[in-house]
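Sharing a structure with you now.
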Amino acid sequence: MSDSLQQRLFQELEALPLIDPHTHINPHAAASKSLGDIMGYHYYTELAHSAGLAKNKIEEPGISPKEKVGRLVPKLSALENTAQYAWLIEICREFFNFEDDRITTENWENLYDQADKVLGQSDWEQQVLKKSGLEQVYLTNDFDDPLEGFDTSLYVPCLRTDDLVFHLTKSDVRERLSKATNRDLGSIEDLQAAIRDLFTHFTKNGARACAISLPPDFSPTLVPSGTVAPYWSQLGRGEKLNEAEAAQLSQFVFWQLAENCVVFELPFDLMIGVNRRVYENGVFQGQDLYDKRTSLIQYRDLFNSFPQVTFPISVLTSTSNQELVSYSWIFPNVIANGHWWYSNTPPYIEQDCRTRLTAIPQTKYVGYYSDMYKLEFALPKFRMYRRILAKVLAQEFVVDRGWSEKRAVELGHLILRGNVETIFGR
Amino acid sequence: MSDSLQQRLFQELEALPLIDPHTHINPHAAASKSLGDIMGYHYYTELAHSAGLAKNKIEEPGISPKEKVGRLVPKLSALENTAQYAWLIEICREFFNFEDDRITTENWENLYDQADKVLGQSDWEQQVLKKSGLEQVYLTNDFDDPLEGFDTSLYVPCLRTDDLVFHLTKSDVRERLSKATNRDLGSIEDLQAAIRDLFTHFTKNGARACAISLPPDFSPTLVPSGTVAPYWSQLGRGEKLNEAEAAQLSQFVFWQLAENCVVFELPFDLMIGVNRRVYENGVFQGQDLYDKRTSLIQYRDLFNSFPQVTFPISVLTSTSNQELVSYSWIFPNVIANGHWWYSNTPPYIEQDCRTRLTAIPQTKYVGYYSDMYKLEFALPKFRMYRRILAKVLAQEFVVDRGWSEKRAVELGHLILRGNVETIFGR
Amino acid sequence: MSDSLQQRLFQELEALPLIDPHTHINPHAAASKSLGDIMGYHYYTELAHSAGLAKNKIEEPGISPKEKVGRLVPKLSALENTAQYAWLIEICREFFNFEDDRITTENWENLYDQADKVLGQSDWEQQVLKKSGLEQVYLTNDFDDPLEGFDTSLYVPCLRTDDLVFHLTKSDVRERLSKATNRDLGSIEDLQAAIRDLFTHFTKNGARACAISLPPDFSPTLVPSGTVAPYWSQLGRGEKLNEAEAAQLSQFVFWQLAENCVVFELPFDLMIGVNRRVYENGVFQGQDLYDKRTSLIQYRDLFNSFPQVTFPISVLTSTSNQELVSYSWIFPNVIANGHWWYSNTPPYIEQDCRTRLTAIPQTKYVGYYSDMYKLEFALPKFRMYRRILAKVLAQEFVVDRGWSEKRAVELGHLILRGNVETIFGR
């Protein structure tokens, strides 16, 4: 295969404007304010910590963004090999006119100041959207987000439901729900109504998905409201639930969400496999890991019970990828969605992309989402994916199957954008 | 590595006549009668359904083969990326003079009619065997198959035992067994004798293997006949077994099969890892999936207890492949067998083939079987495998180790055919 | 990517003198005495047995090394495809002037005699160290090894603790411990003191690590001494422990080891995932396999409880590699260590190396150790690794990221040697 073939396909993919179907963007502060926002991304703080930088250096209260960057920079040399570092360099080169190969104790202050100038422009948010080819950015909103004060046709709401499923045992979460829906939550019927209210609120504001991240041992099933009604009363009286009771309440709420996805015609994004707070003394957002012993068979009841709901599924590990390929191949309502977190580095993406593209209907693989917290990360992350997609298209389709380049590019466009529109477009 | 090297090796592999050691061919109707038989293969119906075609469109009672193909065709565009679709196009091009890249609503009727002409030839079965280089085709026969009316030296019988191990709790299966062996099955000894009768019948008719597919949680072990005798009596009286009792009966029967494999000197094909009917509303044969949390350690007792029996093993997922590599490397009676079902797409085959060829004795890897229902599929499936095998031989052996092409081709021949003869040849 | 780029990087890596951080070398007989020592390595005996050579042929008491080699040679043809065979050929060509491609019944006696001449030289041990570029070789010493009579700055001691954790229930192991520490082991406090004595003895003699191999189901946690004290007394009275009691004793001792690693500032090498004696009738050291259903989540308590201890971790299977990548990425005290046993063949090494190099801080991946029993194996095993490392450096860094060759080689040197010095160098 000629490298120029791959390069031509890559250029064609680069030209396509994007919809980013899963991010953690705050629409009220979408772009970075300083290099501190960029290097404060957990990928850099957690890797610097992993390489030996003390947590209390990184997270010392009251330090300025510049001080924080200054503390991280000496540890960057230990991370130069990582894909995550490559994103950082690409951001600095694309946006801040950085011309070096490495960020060092020598050059970082100039870089910081240069970044300040760029990021300080009043129209930087529009600039970075344009430079990155971003037409729409999907959000991850707390269930009690008022969804006000931003353009929901650019920043598309999405109802994040981890708190509802896993933290309703906490009184503050119940209070947030009560307040958001202006309801008393005395009975289980009240809870059901409150959940319905959230769907009404979100869909009125253009929400395109309900989403949740799930631990490896979660196994959804129908739990009757009669079973959990007494637990709900216990909580109301300030009593604690035991583990089994709390698990049933989680299953009950999860099933309610799926039922509302039917009514409100929303896809239900499942992000499967993460254990929270495994490394308890890790930095912010750098504490979560997993148990690879999980299976999509745990979702058998769900997929069978809700044929009307589309489930775009992200798996945390490449060892779960083949299950995702097979389940998407068989279940009409299962979609393979992006390359998530610990599987979002080039060797995993390549193998996972290759196996999906050769076995799942092409209409059922959403190629990529950035998962970003700040807009600047869409460009390097999507570009990483486009390089890999171009490589797979070149090898598997143009070379091995004799497809024309035009046909390969069409497939690439479908995977990068067309499927996002079809699956989340309502 | 030069592409022409790989191409030369591929051509050498293409020239070798084949024995296909595992198929679902019906020897009384081995070749397709129409394009409907070809596109009715579950790979196409299940993928079309997965891409959105309703099951009741595909399986409406009474529709003609042509009507069925006409309903599938519009959905094919969603499947063009898949390896399965590539087999279909290769069949149409090789056998039906099809010259387009895609099957569309425009061209399918011509193709259908052209296929009718070809498939309608009285000697088509002989033609397709010859064009595909097939010298022998192993079957998968129900235990009560009379094995009559076909040439067992061409279509080699194989005793399929899923019903015996997992469905003897059903009265109709017991009746079939009783009728096939002309025995009363009142006692557990009668059951043992009936099983022995089946082995006698099959080996008299040239059977070369006993075979079974197994769910991920199956764990064979010796269960004494005294333990299951009362369960057998219960069944005889029309009573039901509970789950634990049924599981012990399964283990008992499985162990009986292994013991008969000793006596009758048959390899015991184990196809490990499939859960049946996971997607209950799927199309025919498109309902099965799996739980990847399975291990060959579950077969430890079996492999240790039956050193005289050869166990060619197929694993459903690539995540089980390394166990298969390691167990074949250590246990003399464990053989790595083919690339099965959900692992039968190019990226999985390549990685699994590469890891096997570099770690297992070369005499212990049976490269490929087609698993086909109709003869036309041997050509594209084996060709897919030969392309990959040529690539691995070129890279790992000719380039990396400096082997001559002749030596690499000899290894390829062993993997493709020599081992089939040694392992199943008796 | 040009092959000459990869070749240039390989040559640079070849030039670097090595420290081999994990071997089973006997420092009193480090080099082979004959080809029998080389072909007696379990990789050859177990593969020959797997390919059909009877165990009693291989292990017949009283046969000479030459007789043993003579019996293995005819089976070698079945193993020519394996990476393990490629090591053997490389040894014969590099050290014994062997010029053929294969060892056959025709040429083996000449080879055997030629090997005798080479290996019989009085300075062969020094020669092979030099030819292999070995500056230091880490050992795996029984806990009661006197560590006398060899140069501990060349052959660096390492405290192997499998017997302590898993076999203290056996009276002979307790007696060995009592004798080695010159202590009565009546109380649990005596046991604790004895373990401390071992650390004192080993660190006084330059030990650089505590090491252990662990079964897939092991899950370390703190067990109070009060819990196991009565079990220890039972053992002292000659009574047996049940399985649960023995498991708690194992956990207790394991935790003691970790606590001593804090005090004595030793890394704790964990080799995770092996089940011993799965194939009970296998040849010596050819009986162990595994259950892939294991997770690093089982070590969550350990990693959190001992932030001061560095844990270089080897995983037995490539299906565990992504967990190792992710845990090394998050936990400061987790290091990815080498490519172990059933994952020590080129396709697994390549994928595991590639995923590690692109996601873990470069200071946290120890590239390779030989695991050898005889010095002659360092050269072919490290060379296999260097070829793969050169390939990954060329593709991922020079081609894909535009690094200079110099920078890629520097990264290679860090992975091959620099990290060994930093992590084990104290």
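Per-chain numbering from 1; labels A, B and C assigned in written order.
Criterion: contacts are C-beta pairs under 8 Å (C-beta built on N, C-alpha and C of every residue); 3 or more make two chains touch, one makes a residue touch a chain.
In this text, all values refer to a predicted model and were calculated from it rather than measured experimentally.
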Task: Intersection of contact partners for chain A and chain C - done: B
- [ ] Call it same or different for chain A and chain B: same when shared residue numbers make up over half of all numbers used at their interface.
- [x] different
Open item on the list: Measuring centre to centre with CA averages, how many angstrom lie between chain A and chain B?
Closed with: 39
Open item on the list: Give me the residue numbers in chain B that touch at least two other chains, ranges are fine.
Closed with: 293, 319, 351
Open item on the list: Show me the residue ranges of chain B that touch chain A in the complex, using the header's touch definition.
Closed with: 46-47, 49-52, 78-84, 86, 101, 275, 278-282, 286-293, 317-319, 342-343, 345-348, 351, 387
- [ ] Quick one: which bits of chain C touch chain A in the complex? Just the residue numbers, please.
- [x] 293-297, 300, 303-304, 307, 319-320, 322-323, 325-332, 351, 354-355, 357-364, 396-397, 400-401, 403, 407, 411
